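In what follows, structures are represented as structure tokens.
Two complexes follow with subunit A in common, the first pairing it with subunit B and the second with subunit C.
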Partner chain A sequence: MVQSKKQRNLFLAFCLVPTFLMFSVFTLYPLFNGLYYSFFEWSGASSLAEFVGFDNYKRLLNDEIIPLTILHDYFLVVTKVIGIMILATFFAVALTQMKIKEAPFYRIVFFFPNIMSVVVIGILWMFIYNPSLGLVNSGLEFIGLESWTRPWLGSEDWALPSLVLPSVWAGIGLFMLMLMGGISNISKSYYEAAEIDGATEWQQFWKVTLPLIWPQIKISILYIIITTLNGSFIIVQVMTKGGPNNSTHVMGSYLYEQAFVKYNFGYGATIGVMILILSLITVLIMQFFMRREKVEY
Partner chain B sequence: MKRKGGFFSRSFVRIPLIIWSLAVLYPIVWMILGAFKSNAEIYSNPWGMPESFNFGNFVDAWTNYNIDISVFNSLIVTGLGALLTLAMAIPTSYALERMRFRGNRLLFTLYISAMMIPMVLGWIPLFFLLMQLNLLDNIFGLAIVYAVSQLPFSIFVMTSFMATIPKSLEEAASIDGMSPYGILWKIITPLSTTGIITVTIMNMIQFWNEYFMALIFLQSEENYTLALAIDYISNETQYTNAWGTLFASLVIAIVPVIILYAIFQRRIVKGMTEGAIKG
Partner chain C sequence: MTIWRKQSAWFMLVAFLVLVLAACAPGAGSEDTSSESEGSDSEGSSESGGDGEISGELEIQYFVGGYGDSWWKEVIGDFKEKYPDVTITEHAGPNINEEMRSRWVSDDPPDVVYIDGAGSSETQMVEDGQLMNLTEWMNGIELEDGTPLNESFIVDPAKYDGDVYSLPLVFDTWGTWYDSAWFDEKGWDVPKDFPGFMDTMGQIKQEEDIAPFVTTGQYPYYFLRGMLYPAFGAAGGDELLNKVIKGEEGAWTSEPVLNVMKKVEQMQKEGYIDPGFGALNHTQSQMNFLMHDNAFIPVGFWLPNEMEKDTPEDFQYGFIPSPMQDEGEPYAIVPDLRPLAIAEKAENPEAAKAFVEFVFTKEYAKLFSEHTGAIMNLQGVDLASSEEVPQFLIEANKMINDPDQVQIYQKPHPMSSNLETPISNSLVSLMLGNITAEEFVEEAEKAASEYRSNLE
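Moving on, here comes the complex of A and B:
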């Protein structure tokens, strides 16, 4: 290329600097500033921020709701990982291995909730759980299980488990497609060889399919963990706002309540730091546990 | 010995597939039908077909609940956000993918790892930053925040797309005396159309659907995006029981997404699965 070094650097700056400036101002600076705020007692008025050292962190450790929010977040992580992975794996195997003619139809339908707004999903499911009109209670009455009907989202015991179903419902398509991508890359000859050796379909699934799509399974699980820890509060905010009686508060919704409803911005930032640390630790631990030699036959 | 694909095992597998299809489709179809029902009908016959299709709920949502303003706001935020993302992502992706400079890998890693960082922590300072910049409770401010939030994903997809463009074209253009700006604008950008469309559709769906940042950064009703307006109507419904109006506004929110999905199904699926396989 015939250009002077100066021109080249000018072009490089043109490409990189404006974007990086925007990224720094609207992403990097807020993150670091959040860390900084966590050492202040602050109700929003700019002159009244008071440095309090680790007081917010002490408060965090003594706040009775914090352990609940952590527990609720990990409850959602575990139930979503199990629910989504089992169903997504089953559907992915069924749609790739079973030669079902209408497979594209299922693929298109199952994926659609992935691009619906969480607001729409949340409101739809609020109505499905509605105590008097909702599909769940009407269905239970219809099959003669009146005693099982309850105000799902209004019950302290059932509200949190009730949030799992909409999340699984909305998430399954994406992970099914990721796994299908993995399965379609497996060479047919492995299955033919397994068949000659007399392996049943079940054995083929455990010994051939599962080990060979392990990379996709691993990515899916990590992705569910990250998106749940970083985003479970959205559906909580739409469907229950953390209630009844804090029984569905997750870390993010509690941060929102502390910062933007009660104006404890410093304490809110401290909760944010906790979310950041916990999600990083969780991802690192999971990566360690799911480390597994890449299988090649 | 009949193996996979046998009639019985296939029928057996179809049962859960059909059940899940119903579980996905029924609530969506029912929501659309509910939008055409009167309130009395929703109570007497919540899960069946409407007696007649009337558009009263849509009119009510559009005029009495200011959905018209929210649709307008959402369109502005979505369109502007998508354009801004492209303006920022295309030059940076090109430099990261094609040019050698010190810190290239580092910068790329920085952008990509931002996809894994929970942004909740940043939203508190961002709130005050926007306040100082007079961009709080302002749809243009929200569009900027949206654009930057989708920057890592967009750079990730764009760089992998630009990597597939043959280098010889740029070299030929350069020998013909074209400036690097010309190469970026007249050669790389047109050749990246497929990638640009994929990224833009993904970002537009994201912006159109987004709820939580809008909840934090917008306050007055005349600035509400569609997601906020619907949430507002939903909270009101507890007292007004205007379910029909709520469903009508949900339908207004979901129809553009259905249309985009119908047209760009493959691209959307590809964009999302590739975006997820970053770990």
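Moving on, here comes the complex of A and C:
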């Protein structure tokens, strides 16, 4: 059937216009509104808002807590990328290549945290870290490492590292599935050929599997970076509220504190703009570094 | 590969557009808001006085927390009987402050607001001009027995540059709780001053092998308001308390403040503060207290009501003002008031005033103690005659009214969260033993100076 040009355009409009309208109302409008309010001093709880130009941005540059929050965010990004990617790749390879009989069972077990709300995960891990009743400290005492027990989330040095474990645990499943999808697309004949050539399993992993699932790995890493920069807020807010003494504040939780606890909504919006810019820069840089020609054998 | 390039080019374009538009936006918008704010200043304040009929719709916003809402229901029911022409709309609940925020932002607030709970801040509301100036109106009100209202408060209303914007309804106070049944059984002394406090804690630590003191590290202001304010009051009176809360220059580094902080440092060094407190929220810390993981906790009067369902049967709430004062001095308390206020832009200010006046009676004050286990901010209410008022409250009430035992110190207004948050953060650090008292006062002084510079 031949479509007239008009029909085609009508169809395209039918598909695109509603989406674009939704996008404008629910994404563009809040985005610009946030930018707009970053130039105001506003408590966020009244109609009084005073235009202050770049004062909020000056304040941002002089705020001693901001560099800490950025550092904490990137600490989480780096540890999560490393932790999740290593474990997810390991599990994906193990479940697809090793011919384990219970593979479907493990797949469900590893994916399970992904269907739980992050809030639930946070509360669950708060109990695990509880200094007197928690699994971690009781476990350490049980194996005789009493000197290692500590109030994990209540310590200025250990609270942030303690947040990494639940974040990694919660993230593995999804990326494991993505990588498994990639691995199962690799034709068996490559492995057979490699085996005939005398390649060990280790060599097969490095020379065959890894290059061929590189696109999936790349997307996974980018996805972890973006979700961490935008979403680490939830786990921090649930588990530590940024404390003790700002030692776990990430940019998002600090934004929340400024905007909704200390009634500096304008300044909070400024922090939001900073998060947007930093996320964009990070993603662009990562794109650049992970450029690698697509491999086809 | 090329697809990614193309996408990132789009990305850059969008990002660029965003920035360009952002630069244009405020010029257009600033005019709107400035004219809005001018409007809000001129309205409302001229509508006072007048003896018109009380009728129409009256909107009341009240937070429902540890005190429950049964008292409100009864009072509002009585008000409806007295003023049948008024239809009352209640906005109530534990999240009501968040739920009503958009109404306040759009200048369409309820008429009467009870300011309490998370997400509400009296200082913010006064700073933003959301509350009606009640100074003159309040001076004209009398109780049933003819005494003027402004002479009947236990604690006077907060004053902002001499003006009153809210009437303190609930008299609550922070203090230190213990299980009096447990203390009787073990023969521990209830502390009367700071040395006594340290002795008792030392004894408990030795006998029970627990850290005797706990508080919530997620909300460090529990310790600030519950332990430090009374300590500052005892050490330097209203004057010191005033300076500290306003963040005046040199207040936090002053000698009496440093001495108080040294006491906290001492508590930490002796291992009396639970080292796990940093991660606990208020409910967890209160649960640990009820389970005898700890022996002392600073909370307000609402504790028994809040933990009613989790309290073990043989547990008996005992309350003392936080014993941070030097040897031989009376206890100090700093009341924490939950005020009732009228919105500057109330649509029915006459009915709102009638309601506020209606609430401040001795009858409702007694009823309040029966319903909530706290005290309403009126003098001369006979609590002991009622059987429904909890025992600890009758004793606390007696103690509070005896100046030989307890000195009441008043803070000028609640501390702004812009000052309270950084100070609370350093406080956690001190209580974990990561900084010294000297370092703490330096950090607090710095926070105060930043707070002052942001006010200008």
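The criterion applied here is as follows: the second predicted complex is superposed on the first by the 270 of 297 C-alpha atoms of A that agree within 3 Å, B and C clash if a C-alpha of one lies under 4 Å from a C-alpha of the other, contacts with A are read in each partner's own complex, and residues count from 1 in each chain.
Basically, contacts are C-beta pairs under 8 Å (C-beta built on N, C-alpha and C of every residue); 3 or more make two chains touch, one makes a residue touch a chain.
All values reported here derive from a predicted model rather than from experimental measurement.
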item: Combined model on subunit A where subunit B meets subunit C, clash or fit; value: clash
item: Which superposed partner A:Thr149 touches (first subunit B, second subunit C, both, neither); value: neither
item: Which of subunit B and subunit C A:Phe260 touches, first, second, both or neither; value: both
item: Which superposed partner A:Gly243 touches (first subunit B, second subunit C, both, neither); value: second
item: Partner chain in contact with A:Leu16 - subunit B first, subunit C second, else both or neither; value: first
item: Which superposed partner A:Leu35 touches (first subunit B, second subunit C, both, neither); value: both
item: Subunit B versus subunit C as contact partner of A:Val120, first or second or both or neither; value: first
item: First, second, both or neither for A:Pro131, with subunit B first and subunit C second; value: second
item: Subunit B or subunit C, by number of subunit A residues touched; value: B
item: Which of subunit B and subunit C A:Ile226 touches, first, second, both or neither; value: first
item: Doubly contacted residues of subunit A, that is, touched by subunit B and again by subunit C; value: 31, 35, 44, 46, 126, 260, 273, 276, 283
item: Complex contact set, residues of subunit A against subunit B; value: 1-3, 7-8, 11-12, 14-16, 18-20, 22-23, 25-27, 29-31, 33-35, 37, 44, 46, 87, 90-91, 94-95, 97-100, 105-106, 108-120, 123-128, 133, 135, 138, 169, 172, 174, 177-178, 181, 195, 201, 216, 218-220, 222-223, 226, 229-230, 233-234, 237-238, 252, 255-256, 259-260, 265, 268-269, 272-273, 275-276, 279, 283
item: In the complex, subunit C residues that touch subunit A; value: 1, 4, 8, 11-12, 15, 18, 21-22, 25-26, 29-30, 33-34, 36-37, 40, 101, 104-107, 119, 121, 124-125, 127-130, 217-218, 220, 275-280, 288, 293, 417-418, 421, 425-426, 428-429, 432, 434, 454
item: Subunit C-facing residues of subunit A, complex; value: 31-32, 35-36, 39-40, 43-51, 53, 59, 126, 129-132, 150-156, 159, 239-241, 243-246, 257, 260-264, 273, 276, 280, 283-284, 287, 291, 293-294
item: Residue numbers on subunit B that touch subunit A, as the complex places them; value: 3-5, 9-10, 13-14, 16-17, 20-21, 23-25, 27-28, 31, 42-43, 46-47, 88-89, 91-92, 94-95, 99, 101, 107, 111, 114, 116-129, 144-145, 147-149, 151, 171, 174-175, 179-181, 184, 205, 208-212, 215-216, 227, 230-231, 234, 243, 246, 250, 253-254, 257-258, 261, 265, 268-269, 272-273, 276-277, 279
